[in-house]
Each structure stands twice: as C-alpha cells, then as structure tokens.
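Given below, in the form of structure tokens, are the structures.
Same chain, two partners: chain A is paired with chain B first, then with chain C.
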Partner chain A sequence: MPPMSLMLANQLPLYLPIVILIVMAIIFGAVNILGSHLLGPKRYGEEKMSTYESGMNPIGTARRRFNVRFYILAMTFLVFDVEIIFLYPWAVDFAQLEPGSPEAGLFLGRILFFLLMSVIAYVYAWKKGVFRWD
Partner chain B sequence: MIDRLWFLMPELIVLGGAVLCAILGVSRKVGVRNLLPVFAGWTLIIAGVVAWLFVYVPSTELAAVATEVPLPWLGRWVVIMSAVVGLMLVFVQAGLVDRVYEAAVAAGRVAFDPLRTTRGEYWVFFLLSVGGLMLTSGASDLVWLFLALELTSLPTYVMVAIGRVDRRSQEAGMKYFFLGALASAVFLYGFAMLYGATGTMSLVDIRTVLAEQVAETGSMNPLATIGLMVAVLGIAFKLAAAPLHLYAADVYEGAAAPVTAFLGFVPKAAGVIALMLLLSVTGWQEDGQLPQVLVILLWVMAVLTMTLGNIGALLQTRIKRMLAYSSIAHSGYLLIGILAGPGAGYTAVLIYLVAYGLSNTATFSVLAGLRRSGQEVEFLDDLAGLRERHPIMAWGMAISAGSLLGFPPLLGFWAKLLLFMAGIASGQLVLVIIAGVNSAISAWYYLKIMAIPLVGTPKSDAASIERVDVPGARFALVLISGALLVMPVALSDMIADAEAALREPDKMQTVDEDSGHAGGSAIKQEQPSLQS
Partner chain C sequence: MYEWLPQFITSMVVILVVLHLCLGAAAYLILLERKVCAWTQDRIGPNRVGPMGLLQPLADGLKLFVKEEFVPRGVDRLLFLLAPALTVIPALIGFVVIPWGGYLEFSDGSRVSIMGADINIGVIYLIAATSLGVYGVGLGGWASNNKYSFLGGLRASAQMISYEIPMGLALLCVVLTAGTLLPQEIVSKQLGGQWYLLQQPLAAILFYICLLAEAGRAPFDLAEAEQELIAGWHTEYSSMKWALFFMGEYVHLVVGSAFFATLFMGGWSINPVTGWDLPQSGSIWLILLQFGIVLGKVFLLVFLTMMVRWTLPRFRFDQLMKLAWEGLIPLSLLVLLMTSVFVYLGWTEWLWAGSLGCLALIWLILPWLPGSSGVNRRVPLVGSRFSHPTPDRGP
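Our next item is the complex of A and B:
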C-alpha cells in the first residue's frame, strides 16, 4: 500500500472529466446571463414585474397552508420512485446473466420479492385511505 | 463477493413480518387488529429459531462469508438475544397503543377510521427496530453499520411519540429525534474520516490497511484515530453514555413505560455491538493493543457515565427518571467490558446485555402493568405497600431491581461479577474500583426500589392503583423473574456460548468440533421462555 498522498495523486486524473463539466457549467451559465443582460431589450411594467405563476394571474401569497394529503400522496409516489431506482441497475445487470441459469432465477426471484414488498406498501397506503379525497 | 443473503434470513423474516403488520393494522376487523402483538411475537420466535437451528450452523458457505466480517458468529447470539428480549417486550407492550381509541371504537362512540389508527404502525416500527439490532451484528462495512444503527434508532423516535397520546410523549419524541439526528451526523462524520484515512469501507480491510500503516510508520494514522474517536462519541448517544447522556432522563420519562423498556434495551444493545465491531478495526483482537488515546476516551466515558448516572438516580423521586439514570449507569459498566477487550471482556458484555435487558424489561413491566385512573404511576412512594394488593408485582419488582443492582444469586450479579473480573484481568483495576464504589451508591436507590413495594406503608390513596386489563405485562414479569432466578444455573453454558459467538474467522476451523455442544446449552436455557 503506497502512502495516501501518492494514492491520491494517482487517482486525481480520474476526476478531470468532472472538473471540465463543472467549468463548462459555470461558463454556460455565466455566458447566458451576461448575454441576455447585455443584448436583450429592457422593457419594465407592472405585469412584467409580478410573480410568474405558469402564465396565470397570481392569486394571493404562496405562504398558505396546503392540505396534508398532498404530502402523503407525494410519499406514496416515493414507493414507485425507489422502485425505479432499484429496477434500472437491476435490469442492466440482469441482461449480462445467462438466461435460464440458476443465478438468473435467483436474481429474478429477488427483484420479484422486492416488487411484492412495494406492492404491499401500496396496498397499505390504499387501505389507509391515502387516495380518499373527501 | 459471496452471497450473504442466506445469513440475513432472521433479519429478512423480521422485516417481512413488519411489512405484514402494516397491512394487518389497517384491517376493519377488531379481531385482526388485536392479533398484531401475537403476530409480532411469532415473527420474533421464528427469526430466533431460524438463527439458532439453520443459519449459524458451521458450513462451507459460512466459513467463506466469515472472512468478510469482523465477528462472524456474533449474529447468532445477538439475534437470539433480540428475539428473546423482544418477545418479552411484545408482552409488555401488547395493548398499549390506541388504548383509548380502540375502547371508543368498541363502545361504538366513533367509527373505525384507518387514517386515525396507529396500532399497526407501532408494531411495524417495533419489528423494524429489533431487525435493525439484529442487522448491526452482521455488519461487514461502515455503510452497513450506519444503516443498521439508523434502522434501530429511527423507528424508536416515532414509537416514543405515538406510544401514548399526550403532550409529554410528543415532546420527548421531538427531543429524541433532533438529538438522535445530531448524534448520527457525528458518527457518520467519524466514518467518513475513517474512510478518508484508509480508502475502504470494509471493516476487515480497514483493519488490514491500518495494520500496514502502523507497520510502516510506527503509529496509527492520526486521521483514522480522530475518526474512530468521533465515531465512538457519536455511538455513545445510542448507549446513553456521557457526554451524550443528557437526553435519556427526559425521553425515558416522557415516553410510556412499555416504550421506555424498549428504549432501555434495543438502541443500547445496538450501540454496544456497533462499538465492538468498530473497535475491531484497530486490530486489537490480534495484538491486544488499543491505541492509548481511545483507551483514555473510553475510560473517561465509563467513569463519567457510571458516576453521573448513579448520582442522578439518587436524586430522583420519580421512578421512571430513577430507572432512566440507572440505565445510564449500566452503560458505564458495559464500557468496562468493552475496555477489557476481546475475549473475557466481550464475553462479559454479551452476558451483561442479556441480564440487563431482561431485568430492565421486568422493572418497566411493573410500571406498565399498574395504572391509576388511566395514568401511569409516577412516584416511587406511590408503590409503597404494593405487596398487600398486588404481591406478584411487588416481588417481581424486587427480583428485577435486585438483578439490576447485582444481588446474588440473580443473573445480574453473575453478569456484573464477570464484567468486573474481566476488567481486573485486563489491568483496569482503578476503573473496577470506581465501578465498585458506584455499585455501592446504586445500592441505595435499588434497595429502595426493592423494599418500598414490599415493606413500605401504603399511602392513603394506594387503593386507587389497579392492574391494567391486559395480562401481558404481568406474564412477562413472572417469566423474567423466573429466568433471572434460574438462568445462573446454566451460567457456564452461557459463557461457553458467548465465547463461541466471539470466535474469529481464522480460528474457526479449530473450534468447530465443539460448537455443536456450545451451540445448544445456553439457548436451551433461554428456550423455555421463548416457547411458553
């Protein structure tokens, strides 16, 4: 095992693409803001300066209380979100296994078990009355 | 990478049971909802039996997996211990949640609304937390250790808040959550430094890298040392050890008594196991040399924890606060075992955990089993003369408090004796003397807890204290009291079993022949309480 500083020095070039990406992102953002600031026309008015709310006329302030059901519904969405996060790398790995081999069967069985668990979570949310809106 | 899923079978059973509890909890049939504790109890029994009979038996697969884990056999002890103590906790907590709500539904005053019930969720969190404790023992790397500790802790925050519907338990839950999150951040920071110093997450690899660094430079990498210290301090929160013990009294008092019994055992056991695994990276299983700075840190923590815990308990009149401080003191005793090191010290820690877990559950089951106009009994003086009206409760309280004190011939005495002997054998004489003085201090309040229910003069309103209508707490009290009296008979078997649980992977082949014997005995001792 080489000393840590040497290890780091060996690994540093691996991070070069990330550095390039960060620099590109900064340049892209700066150029866009500066460009539209320098080149764009400047016409101010009451409409123009008001809050942008997807093209609608703004109603009231944004600081009001929302029904708690929105949050529960959003959490239910997380069930599927996490499912996708696991399914994607699983699918990539599964394609490399030999079809019909015991490993593939085990692999499939485990993801099906996971899907069953998330379906149960969904059924739980349903029974709990998350989707009832009255 | 070797497939380890088979060795997580007990944990998977518990997690699966937790998921099914969620479904049972929203059932409209009251009979199904009442089955929840039964279901949770059976889940724990099955997990314990699977760990005992199938998973941790010697096999080539296990031998292969064992090289990746610092203490591969530890899981067997921890899973069975969690299952047994967990089952007792199930008895204590049965019928706790939603007591008022379910009564209102049964009387037809309100219609059942799945959105309002929390009984199912409580058992989900109960099983998840116990599953987290089981997972901790099998940790092979830092990420696993962190996730297992979080799985143990996160559900307890919710359990404190929903165990009882009043402001104090909500407040306790909030406090516990914020401080717990802070502590998690602290030990995660320590893990990050450990990773930075060694470049690997695996505990076994960290040990190898650190040993190489020591061989090269003559001392341990300072970053790794600081990382270990920070991680140990963060884990001190789980143990409720000084300097992170301050939350314990408030949280333990605010939570309902059955939940407090849970808090006193599960997070503490997980913290102790995590500490054993984490300290294994210094390689002191081989050379017996813990870095001096860590020895000093653990020594100071042990002394502070014992002393603050016991003196704090002396000053209390509220029984739950008293027991909370006493549980802090027990963390201090456990740290002696950790300092005494692999071998005799860790063996004593494993046995002490069982003794402490059972006695602690029993003392709280007395509080859980008594009620005065719907509220818990708060002051120790209220229990005066309990023997006249509820003799089982009074004697159970005396036996369990005696075991916590270390009163011969109860199990707690032998566990404490082993702990102190291991401490002396490892050269920590001063620490053991301090612990002895602390034990003497603790005798003052433990003897009060033992004596007041038995021989105290009842207060004028003592008649208003009555038993709760659910018999679970009394049942657990009788079982545990019996176990505390009987288990010392099998002490040598328990020691053999604990030593077997601490075997190291490379020494496994030589010990395999007698593992069949070592496997059976102590569990046979615990098994009656499992099945009855």
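Our next item is the complex of A and C:
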C-alpha cells in the first residue's frame, strides 16, 4: 500500500473537475441575475413597491416570531444527521468484513448500541410531542 | 507525470455535455409537465409556438429574460439576490459524481471513467450537494419580507431537513449492501447481479418518497401551495430570478432521478436479475449506448414523478411531518437494522425476503403502535367522510 501522501496526490486531480464545475455554476447564476437586471425595464411606483398581500395594504413586517416547533425540529434533525454521517464509514468497513466473524460481530454490536442511544432520544422526543403539529 | 490528463479531459467533456443537457432538459421538462398536465386533465396543452408547441421553452426563456426585474421595498437586498443562485448552484453541481457510462477503453489497455469526478466519497458528495438547496429556499423566504414567503420558506426548510433523514438511512442500506461509496462500484455490483430495486424494495420506495419531498414535488409541494401561500417562498420574485428557482427544481429532479437510477436500477444495466449484462468497459459506441440507457431510465423516473404530481392531492403540513417523523424514520431504521443483521450473517441474496419480513412485522404489531391523536376526526366538515357525528375520542 502506497503512503498516504502519495495516495492523496493521486486523488487530488480527480477533484479538479468539481472545482471547475462549481465555478461554472456560480458564473451561470451570476450571469442570469445580472442579465435580467440589465435587460429588463424599470418602473417604480409607491403602491407597486409594497409587499404583496393579496391586494390588501401590508400590515407590519414579516420578520416576527414564529412557531418554536421549527427550532426544536431543526435540533432533532441535527442529532440524526450527525448520526447518519457517522454511520457511512462504518457501513463501508462493515460490509467488507468476513460475515459472521468475531470482529464483524463486534462492529455490529457497537453500532447497535450507538443506534439504541439515538432511538432512546427519538422515543423521548416523540413522548415530549416534538413531532406533533396539530 | 500527466497520467491524470486523459481522465481530466474525459471528465470535462462529460461535465459540459451533461450540464447543457440538464439545462435544456429543465426547459423542456416544463413543456413536458404542461403537456402531461393537459393530458391528465383532457386538454390539449401548449401547441401554438412551433410544431406541437416545441418552441415554447425558447419563447418562455426569452420573455423571462426581458421581463421587469422587480425588488419590492423592505427586502434584504443581498440575500434576495443571492437566494435564486443558491438554489440553482447546488442543483447544478450534483450530477458530477453520477456515472453516465462505464469505462472507455483505449487500445493500450488504459481506461477512463465516464463521469465528472470518480472520487471515492461520491455518494456522500451527492447528498451534501443536494441538501445545500435548503439555503436558497429558506433565505429567499426570509429575505422577501412577505408573510406568504416567510411561511413558505419555513415550511420548505422543515420539510427538506425532515426528509433528509430517511433518505440518508435508505441510502445507507444500499451502501451496506454494496460495501462501497464509489458510484461506479455500486453500478458494477448490480451489473452481474440483481438490481438493488429488487434486493432492497423497501429502501427504494423510501428513497423515492424522500426524493419527491426533497425536490419539493407534489404531493409534497405544500411550501408553494397556491391556494394558501400564493407561491410560497417565490411570491415576490420576478423575471430570471423566478426562473432560476424553477430551473433549480427541475435540475434537482433530473439529478435525483439519475441518482435513483444509479443506486437502485443499476445505471446502464439492462438485466434486472442475475445473468448476462452489458460489459462495463468498451469502445465509444458502448459508452454511447450506456449513456442512452441511463437517460432512458432518468426519463422514465421523471415521467413517473410527473404522473404522481397530477394524480395525487397535496398533503397537509401536520400530515407531512407525521409521515416523515413517525412513519418513514422508524421504518428506515428498521430496514437498516434488518440490512446490517443480514450482512453480518452473509445472507445478502435474501435481502428482499428481509424487506418483506419487515412489512409483515409492521403489519403484525400495527394494533400496538401509537396511533394518531385523533384530531382530524373531530372536524365535522359538511360533505366529508367526517360529517356524520363520531364519538369524541378526547384530546
């Protein structure tokens, strides 16, 4: 097996097209926004510039407090998403082990314990009513 | 020294071809969507511009470009301008890790991979890139300073992050089965053997549902519900900025369908069960054939998505959240558990039976599972199936 730095050097040119594509996508977005900004007509008016509220006069601003359930949902999501990211390297390694071997059993047992922890958190969140939206 | 150069040139060619294909497809899929809509509603659809309305996307694009670009008072200007670009950029960079063909073999035996970037974290890159789309939607809703947009943006963000979890777990089942994160390897595992659609039917269905929700397609398009939120987060947008949101949605749909085709339908594999299949590497004609097969599968999936959109009614928001958190996540955890145990025991060819076993298990324990809180039953809408008096079930 070649040293890590050499493997990395072999891998790096593979990432170059991604960088070029990201630059192309950014240029595409910028050109579209700038183009329509330059090409389109401009007409201003007091009523026209106001916020759309189905033809009524807008009342107040939209940046107000909103339901706390969105925050709680986002935090619960964070827990699960980080857990899933941890599971990916495990999945690749686990699938390459000999089926039924003791170390595969160790791998499985450890990850089941890890999953059990998050399932306990999930059940707790359910009981607390995080997933109730009615 | 320059042994990476052939792969780099191939990658750039693939990227340029697929990028233009995606953008063109986005324009023509809108026409196809209108045609499918007209077909399901027994109308004719757009047929004035060019033969059979085929020039309609060009006319639409030209019109949108010279429309007035309108920024209302009170918006956060920077974020308002940034949001459409933040929607379309993540959608456009996703396809780079999808294999559009096998390996092109040269006469001296060396070969290059027909994909944008043959990196060994391909699957993770694709979920990361597609889940970035939530920023554009959330920021667009917030920056508009419009109550409809704000609610739409909030809803869309909550929906996207909720459906990302079952999507990641369903994907994990495929990674466990294949034992690799390289998309080319995942395809080559399905070339000689079964498609993962047959091996992991439950994971495939979960993934497809999450795909619809992530792309914001009906029946999960309630972030832009016309009847309640006018258009959701793009109420205040006009001209090309509005079009960028739509382009992002359709490119997202194409890339997601290609991802589904790669993971569950074996990319360019033509034989769903074990047996003879197309070789993975060969001449340029084989590559073109493989490319055509992948595109055909993508088109089939996109067409299925459109049929779903014009057939099914939209969910309510609490139903949507309930489906994700109390339905799909426990189910995907169960499928993941089943898959890891089966991989441990080495029964990978019996995974389909495990999926059926999961369904049977759920059906058996269904009476003991916590049910819904019963709120819906207490709304006696006249003419609905709840209009007759029902016994009060309590809060």
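FYI, the second predicted complex is superposed on the first by the 71 of 134 C-alpha atoms of A that agree within 3 Å, B and C clash if a C-alpha of one lies under 4 Å from a C-alpha of the other, contacts with A are read in each partner's own complex, and residues count from 1 in each chain.
Everything below uses one rule, namely that a contact is a pair of C-beta atoms (placed from the backbone, for glycine too) under 8 Å apart; a residue touches a chain by one contact, two chains touch by 3 or more.
Computed from a prediction, not measured in an experiment: that's the story for all the values here.
By the touch criterion defined above, A:I33 lies against chain C but remains apart from chain B after alignment on the C-alpha atoms of chain A. In the superposition on chain A, the chain among chain B and chain C reaching more residues of chain A is C. By the touch criterion defined above, A:F77 reaches chain C but does not reach chain B. Touch criterion not met for A:M56: it reaches neither chain B nor chain C. Applying the stated contact rule after C-alpha superposition, one finds that A:I120 touches chain B and leaves chain C untouched. In the superposed model, A:K128 lies in contact with chain B only, and not with chain C. When the shared chain is aligned, no partner comes close enough to touch A:V68: not chain B, not chain C.
No residue of chain A lies in contact with both chain B in one complex and chain C in the other. Interface residues of chain A, counted against chain B in their complex, comprise 1, 4, 7, 110, 117, 120-121, 123-124, 127-129.
Contact residues on chain B toward chain A in their complex (touch as defined above): 5, 16, 19-20, 22-23, 26-27, 113-115, 197, 199, 209, 212-213, 216, 221. Chain C meets chain A in the complex at residues 4, 7-8, 11-12, 15, 19, 64-70, 72-74, 81, 84-86, 88-89, 92-93, 96, 116-120, 123-125, 142, 144-150, 154, 157-158, 161-162, 164-165, 168-169, 172, 175-181, 230, 235-236, 239-241, 243-244, 317-318, 321-322, 325-326, 329, 333, 336-337, 340-341, 343-346, 370, 373, 375-376. Chain contact summary for the complex, chain A toward chain C: residues 10-11, 13-18, 20-22, 24-26, 28-30, 32-33, 35-37, 39-43, 48-54, 61-63, 66, 70, 73-74, 77, 80-81, 84-85, 87-88, 91-92, 94-96, 99-100, 104-105, 108, 111-112, 115, 119, 122, 126, 130-134.
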